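Chain IDs A, B and C follow the sequence of writing; residue 1 opens each chain.
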Amino acid sequence: MRGVTPTTAIGPRGSKPKRILSTRNIVVYGVLTVAAVYWVIPLYVMIVTSLKGLPEIRMGNIFAPPLQITFEPWVKAWDSACTGLSCEGLKVGFWNSVKILIPSTFISIAIASVNGYALSFWKFKGSEVFFTLLLLGAFIPYQVIIYPLVILLRELGLFASLGGIVLIHTVFGMPILTLLFRNYFASVPMELFKAARVDGAGFWRIFLQILLPMSLPIFVVALILQITGIWNDFFFGVIYAGTLNFPMTVQLNNIVNTTQGVKEYNVNMAATLLTGLLPLVVYFISGKLFVRGIAAGAVKG
Amino acid sequence: MSSVDIVDLHLSFGATKVLENLHLNVAEGEFLVLLGPSGCGKSTLLNCIAGLLDINDGQIFIGEHNVTWAEPKDRGIGMVFQSYALYPQMNVEKNLSFGLRVAGFSKAIIRQKVAEVAHILQIEDLLKRKPAALSGGQRQRVAIGRALVRDVGVFLFDEPLSNLDAKLRTDLRIELKRLHRKLGNTMIYVTHDQMEALTLADRIAVMKNGVIQQLDTPNGIYHRPKNRFVADFVGSPSMNLIQGTLFKQDEEWLFRMHSEATQDEQWVGISLTHYPFTAAPAVGQKVELGIRPEHVILTEKASNSVSSYLFLVDLVEPMGPDVVCWGSVAGEPFKVRVSADFVFKPDTTLMASFDLTRASIFDIETGGRI
Amino acid sequence: MNTSKRPNLWLRNMSAKVAAVPMIATALIVFVGCSVWSVVYSFTSSRSLPKENFVGLKQYERLFSSNRWVESVENVFIFGICTLVFSLIVGFSLAVLLDQKIRFENTFRTIFLYPFALSFMVTGLVWQWMLNPQLGVASVVRNLGFENFEILLLSSREYSIYAIVIAGLWQGTGLVMVLMLAGLRGIDQDIWKASRVDGIPAWKTYLFIVVPMMRPVFVTTLVIIASGIVKVYDLVLAMTQGGPGISSEVPAKYVYDYMFGRANLGQGLAASTVMLSTVLIVLIPWSYMEFRDKQEKSV
């Protein structure tokens, strides 16, 4: 508690000097950069391969940038690559995926958000039990339930149809989305809900007029989750959508893995890129929200 | 304007009984404060009155209406919450008018009512702002406005000032009291802050474990606590409680401290002649003598008064207008509140004498006042 | 208002109950109902259509005497253990590095996570191309002068499953990293201040203080990875179609092929039931632990 004597004037003073090239920094940035290069290479290879001609590919350096850039493979992948019997390219699959994506995304989010809302604010006897069952359902290997679902959909007349695959995506998206919304709504102060009830608002009015406008971020997170999830789905598409509605991933597999004769690696990579394009764009645009989406419900407590 | 009557209320969550056999009458225009430590059931009771919780048994009347099964909106109540609970995406005007819009009032009426309330609370300038752009005090004003605008007989307040800083809390407290005088509505106010309770209330209901311990005016609660819990809970620093035994000598009731045995043989105890008993005392009854810190008189020298003890001071805490001295009497912790101009040093011994007309005596077993 | 009716217990909260119908239907019909159906029919000799001719454990006997199933189980074990170990170690290390208050944190995170946005189909096809024995990375190394260099992962019966591990790690490690980073950020910063004042080296703080504190995060991550491992299917289909031979078959593919390809429903259902039991064996202790933890917290 004694004051410092003025003789200390010679010692260190002011802000502590920082070394930019410390060993620690070199290790940290070095390792991260090497790892980042490893992670980027496949994307880079996909792009350069898709822009090369076949002869150039056969010369054998997959890392080399194209000597002569050609968009031929892209055109062929989109328009005329053969999937088994027909040769109409990926475009059919693309539009099928769009047709599946839009209704599935909206219906699943609409249902799950109302579910999450009911579970947070309007608990009734047994609601928690059903929710736990639903969550456990997220861990059941799909293989166990795919066949009975085929029968159910056939009974409903929805097997191998657009309606069928939309229903399937809604059902399988429900556990994680409901969890997402429930956790979000649980963080909304209960008093807000009480205030709205005293003001005379009921179930739907509180949801639509109070909660919906303040929950836009979580809806965007759900949207990202569903868009990438449904677009990337292969398994449900191949089983429930029916040949006419095969999504893009299924068409891609057919193009790459079932073609006879010469393997057109450049067309394959163009097709692969085309299929991955939408989720990649969503990913790069959404940034932090995507991260929030995948971490949602995962890291709690 | 309406009264609130709660008859034989029961509420349990699963196996836990939260409120049991609860009766409460709040007169028309009365300001009633529910006071108690957290978890005592005071907010739960308020939520029951509001209809936000379904009760298991009993009845609730607001005015002449039995509202036991009515929806919150049909009960004729307005409610103000601790976290303000303003709708974040609506501006102040929309927040105030939401209830009216739900009820389907015409635009002209809504505009007129909002303007009226905004004038009363002096928030006219804030009408177009979103809650996020308001200070804590302004938010709470808007929240009060939202209750006001609904033109109801009963206002319910759930710890409305707890989120505000000390100064704002005092300011708004006074404003609330003024508002009550001006409007004359029935108000039920939940708080754990005894200062708020004592200053605001017409009557206070002190609660513990879902039971109303005492329902009385602030004066009654403070000066004639009905049991040991109320005595200890209300007052800061809390009441001194000394354990001892009652006995009788020459038709005079006396109190003797438990730790007095070591003292002078001549010492018989404090005379209770002036103490207003409310129940019949018994010889040998184990009791606690309660005396508020400000009702102790400190003197330098031993007086002749029989009702005085040796008080050993070890710490002095200046509080501004007065001073609290912490120390002990016969080994038991003891505190005394004296005026700021009373000068003395720590580690001295003084004589402490009590004004027994203002003391309280509780039975040790039941905790009840005698 | 004197006339307010006693609300009927069933009708109370009606909107919420109606709104929850899809959830209840999904939980009961799809998750519980369909699982039970599958288990029951796994004891029948159903071929292309479900039939109630019960044959006891016949399907299971056949299952475990099938080379392909045994190989599938072995593969999923190799795949699972490699994936768990490497993704946890690499994911955690990357998270620690990103947690050093570095510049370009967002850029690095974006790079490590982007494969997670891609489908298994896309992931599998890229790596199929990268690991192509003739024209892939191997040929680049050969051109550098190492003339005998070969990457035979995809064409080898012994190692084809490891090719799938590599692709799987590339796709999923970013997720582990993000979960770990969220866990690290959730640690009270005062812990770091305290350990600095006490002079404990950073690596020791991580190992002995932070990692134990992150136990719940590790458990959750483990469960997420594990539930993904059991389901692995598209990736195998894209990269190897289970080949060469049956060397990279996995249980999920076995189930699918027997149900839809070979019209041997009973066999497929038996295999799926075994998958379900394995998951339940892991899941039940975990949910029990979670539940117990929550109870402790609430006390």
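Keep this in mind: a residue touches a chain if its C-beta (ideal position, glycine included) is under 8 Å from a C-beta of that chain, and two chains touch if they have at least 3 such contacts.
All values derive from a computational prediction rather than experimental measurement.
Engineer: Tell me which chain's centre, taken as the mean of its C-alpha atoms, is farthest from chain A.
Structural biologist: B
Engineer: Please state whether A-B or A-C has more C-beta contact pairs across its interface.
Structural biologist: By the number of C-beta pairs in contact, the winner is A-C.
Engineer: With chain centres taken as the means of their Cα atoms, state the distance from chain A to chain B in Å.
Structural biologist: Computed value for the inter-centroid distance: 55 Å.
Engineer: Nearest whole angstrom, what separates the Cα centre of chain A from the Cα centre of chain C?
Structural biologist: Whole-Å distance between the two chain centres: 15.
Engineer: Within the complex, which stretch of chain C touches chain A?
Structural biologist: 12-13, 15-17, 19-20, 22-24, 26-35, 37-39, 50, 93-94, 97-98, 100, 102, 106, 108-122, 125-130, 132, 134-137, 139-140, 142-143, 170, 174-175, 178-179, 182-183, 186, 216-217, 220-221, 223-224, 227, 230-231, 233-234, 237-238, 241, 251-252, 255-256, 259-260, 265, 268-269, 271-273, 275-276, 279, 283, 287, 293-294, 297
Engineer: In the complex of these two chains, what residues of chain A are touching chain C?
Structural biologist: The contact residues of chain A facing chain C are 24, 28-29, 31-32, 35-36, 39-43, 45-46, 49, 57-58, 60-63, 111, 114-115, 117-119, 122-124, 127, 130-131, 133-134, 136-149, 151-152, 170-171, 174, 178, 202-204, 228, 231-235, 239, 249, 252-253, 256-257, 265, 268-269, 272, 275-276, 279-280, 282-284, 287, 290-291, 294-295, 298-301.
Engineer: Quick check on the complex: what are the chain B residues that touch chain A?
Structural biologist: 47, 50-52, 71-73, 77-79, 81-89, 98-99, 102-103, 143, 146, 150, 158
Engineer: Quick check: in the complex, which residue numbers of chain A touch chain B?
Structural biologist: The contact residues of chain A facing chain B are 189, 191-192, 194-201, 205, 209-210, 213-214.
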